[in-house]
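To keep things simple, chains are lettered A, B, C, D, E, F and G as they appear, and every chain counts its residues starting from 1.
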Amino acid sequence: MAEKPLTYDKAYAELEQIMTDLQADKIGVDELTVKVKRAVELITFCSQMLRSTEDEVGKLVKKLGLA
Amino acid sequence: MDERRVFTLSQVSTAIKQRIEEATGGQAYWIRAEIAGLKVKNHAYLELVEHKGGQKVAVMRAHIWNSAYQRIRSELGAEADNILKDGVEVLLLGRVDFHLVHGLSINIEALDLAFNIGEMERRKLATIRALKEDGLYNRNRFAPMPMVLQRIALVASVGSAAYADFMQHLQHNERGYRFHVRVFGSAVQGDGAAAELRAAVGAIDPRLFDALVLVRGGGSKLDLEPFNDLELARLVAAFPKPVLTGIGHDVDTSVLDLIAKEPHKTPTAVADFLVDKASGFEIALTSMLDKVHGLVLEDFSMRRETLSAYAEMVRTRPVNHCQLQRGRLHTATGQLAHRVQAKLHTEGQVLENHRARLTTDPLRWLQQVKRAGLEELSIKLGLVANKQLQLVALQLKGLRETVNLLGPQATLARGFSITRAQGQAITDAGNLRPGERITTTLAKGTVHSTVESIEQHG
Amino acid sequence: MAEKPLTYDKAYAELEQIMTDLQADKIGVDELTVKVKRAVELITFCSQMLRSTEDEVGKLVKKLGLA
Amino acid sequence: MAEKPLTYDKAYAELEQIMTDLQADKIGVDELTVKVKRAVELITFCSQMLRSTEDEVGKLVKKLGLA
Amino acid sequence: MAEKPLTYDKAYAELEQIMTDLQADKIGVDELTVKVKRAVELITFCSQMLRSTEDEVGKLVKKLGLA
Amino acid sequence: MAEKPLTYDKAYAELEQIMTDLQADKIGVDELTVKVKRAVELITFCSQMLRSTEDEVGKLVKKLGLA
Amino acid sequence: MAEKPLTYDKAYAELEQIMTDLQADKIGVDELTVKVKRAVELITFCSQMLRSTEDEVGKLVKKLGLA
């Protein structure tokens, strides 16, 4: 979904988009799980990024497959 | 040469001293001048200088007696060292003092602190004006603020309390956030601080950082001077990432505070801000997830309601539909019997109608039309036959009359007569002979006579 | 009076002939008398025929009234 | 009275013809009696036909009333 | 009464024709008896047909009441 | 009862046609019995269809309660 | 229950169509059983999908709480 360097801002924007879509009833039930999963991923990623050292960031990004 | 009046040096000095005292009347004057060559040994000795266009236009010695010096220092408070130093322009209250041995000197009795501060404010305003003219004043405030500031370029005096406080607060936050801080060391006060600060800021590659943080521990008012530096301010204002200041002054704000994206009072406050921002971000994310979850639950519960409404419809509608159909069938059944009966009834009535007509019409027809016709014919027959017979009778009567008219009898009646001889009717006298017997028939009666003579006519 | 089977119509025809002759002044007095006599005979015959016919028709028609 | 198969309609037609002839002065006195006689015959025939038809129809119709 | 396969509708049509002819004086006296006889037959036939139809329909409909 | 694949809708449509024809006097007396018989058949068929449909639907819907 | 890859949204769309038809009385008696059967299937499927999706989302969200 996100391109290369996922930033906090992008993550937040994506999450907001999901919210907006949800609020606009744009998401079918089938997509819903996918979207919520994505939301959880984004938050997890951000949480870990916030707590990781400079060295760990690269590894983390790779590990999460979000890059 | 005898007229020559010779004075002793002391006479001259005394005369000058008298003249000066006469002129000044021992009065003190407010004098504006720059401090130079300040030396303090018990008393303070210095030179007062006035520059104009880079040139000294006046120099005078001055001194501050120890008691006055102590008083002035305490009056200046924190600013004493910022003001009582070479190169600072001050407004002083002094008396012109001419000492026979030491010569002319200004005895400084007081310094006007407000003058210096005012000067600093004036320079600050000039800096602001210059920044505004360059279009830089608001520049950094428009720098985009990321949601999290994690990679920090820190400009501080390494080892200072401010630095330590900042690092301490940032790295040991409760939530365990990691910040990636690179320090660009610089003096933050005193002569040369501005230059060092400029160098430090200039060395930062903005692409590698989320924010530039400038911190300094507490200090006097005039200690802020380096942070009002125009060149430094230009660099900072033009910095493409947000600039955070924690320059640490309770009352006053430096130019950098004014142009920074995020001015804070203290380094600690800056650190807290960064931590709070990260935490706020994380909370926002989490609450967003909660909202997402909430929306999902809400959405699902609405869907469930719809589904159960549908289930209800599935339960009732078909049954209703069947009932409706059953009702229609029932109606059709009733109508079927009714319509068939109506149909049969109508047919029966039509038949009845025919039956009624059949019982009357032919007889009526026979009697009225046929019999009456016959009777009429009978009457007509009598009439026509009689008429015919009467006509014939009339005809006969006419004939009878005509016969009577044409018969000889009628002619005889008019006087004519028929003469016969030997039974033959005589129409020519020549056929008779005299003496011949003839009979003449008249209308009434017959005459027998004898011919006497004959006359021929025609 | 009538010879053999004298009918009304024959009688009437003869009568008419006589009338024509009579009216044509061709007939002498003697013949005339004979003809007139014959005519009178014929007229009498016809009259009687007519009367008997009238009677008969009257009877027939009367019979109808009872039919 | 009627000869062979005299019908009402034939009889009536003949009757009408007789009436027309009678009215047209075409009939001699000799024929007159004959024609009138025939007419009377015909009328009588028709009359009887009518009566018998009436009777028969009446019987038929009476049957209807009971049907 | 009816010859071969007389139907109500045929019978009724014939009956109507007779009635129309009767009213239009199209039937001579000679035919009258025959026609009236036929009409009586037809009416009787139709009446019986109606009655039997009524009975049959009644039975059918009654059956429905139990369906 | 029904020939090949009689459906409720077809049966009902046929029934309605019969009812309409009946009201419009389009059905002669001869046909009447046949038509009524057919109508009764159709009504019976429809009735049974309704009952079986109701039963089946009832069973299906009972399953819903457990979903 | 569902054939190949039935999704919630497809199922729901189909269900809605059936419900619309049901409400509009567009479904004849013949179709009724089939349609009701399908509706029951779809409702059951959707209900289960909702529950399982809800569970999954719940787990994901709970997981984060510990992150």
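Definition applied: contacts are C-beta pairs under 8 Å (C-beta built on N, C-alpha and C of every residue); 3 or more make two chains touch, one makes a residue touch a chain.
These numbers were taken from a predicted model, which means no experiment stands behind them.
Interface chain A/chain G: under half of the residue numbers present appear on both copies, so the contact uses mostly different residues. Interface comparison, C-D versus B-D: the higher number of contacting C-beta pairs is recorded for B-D. Between the CA-based centres of chain A and chain C the separation comes to 151 Å, rounded to the whole angstrom. Between chain C and chain F the centroid-to-centroid distance comes to 98 Å (mean Cα coordinates, whole Å).
Work out the mean CA point of chain A and of chain D, and you get 123 Å between them. With centres defined as mean CA coordinates, chain E is found 81 Å away from chain B. Among all residues of chain D, those that touch two or more other chains are 29, 32, 36, 40, 43, 46-47, 50, 53, 57, 61, 64, 67. Taken residue by residue, chain B touches two or more other chains at 286, 289, 293, 296, 300, 303, 311, 314, 318, 322, 325, 333, 336, 340, 344, 347, 355, 358, 362, 366, 370, 378, 381, 385, 389, 392, whereas all remaining positions touch fewer. Across the assembly, chains come into contact as A-B, A-G, B-C, B-D, B-E, B-F, B-G, C-D, D-E, E-F, F-G.
Here chain G touches chain B in the complex through residues 12, 15, 19, 22-23, 25, 27, 29, 32, 36, 39-40, 43, 46-47, 50, 53-54, 57-58, 61, 64, going by the rule given at the top. Residues of chain E touching chain F in their complex: 7-9, 12, 46, 49-50, 53, 56-57, 60-61, 63-64, 67.
Per the touch definition, chain A reaches chain G in the complex via residues 28-30, 32-33, 36-37, 40, 43-44, 47-48. Of all residues in chain B, those touching chain G in their complex are 286, 289-290, 293, 296-297, 300, 303-304, 307, 310-311, 313-314, 317-318, 321-322, 324-325. Across the complex, chain D is touched by residues 355, 358-359, 362-363, 366-367, 370-371, 374, 377-378, 380-381, 384-385, 388-389, 391-392 of chain B.
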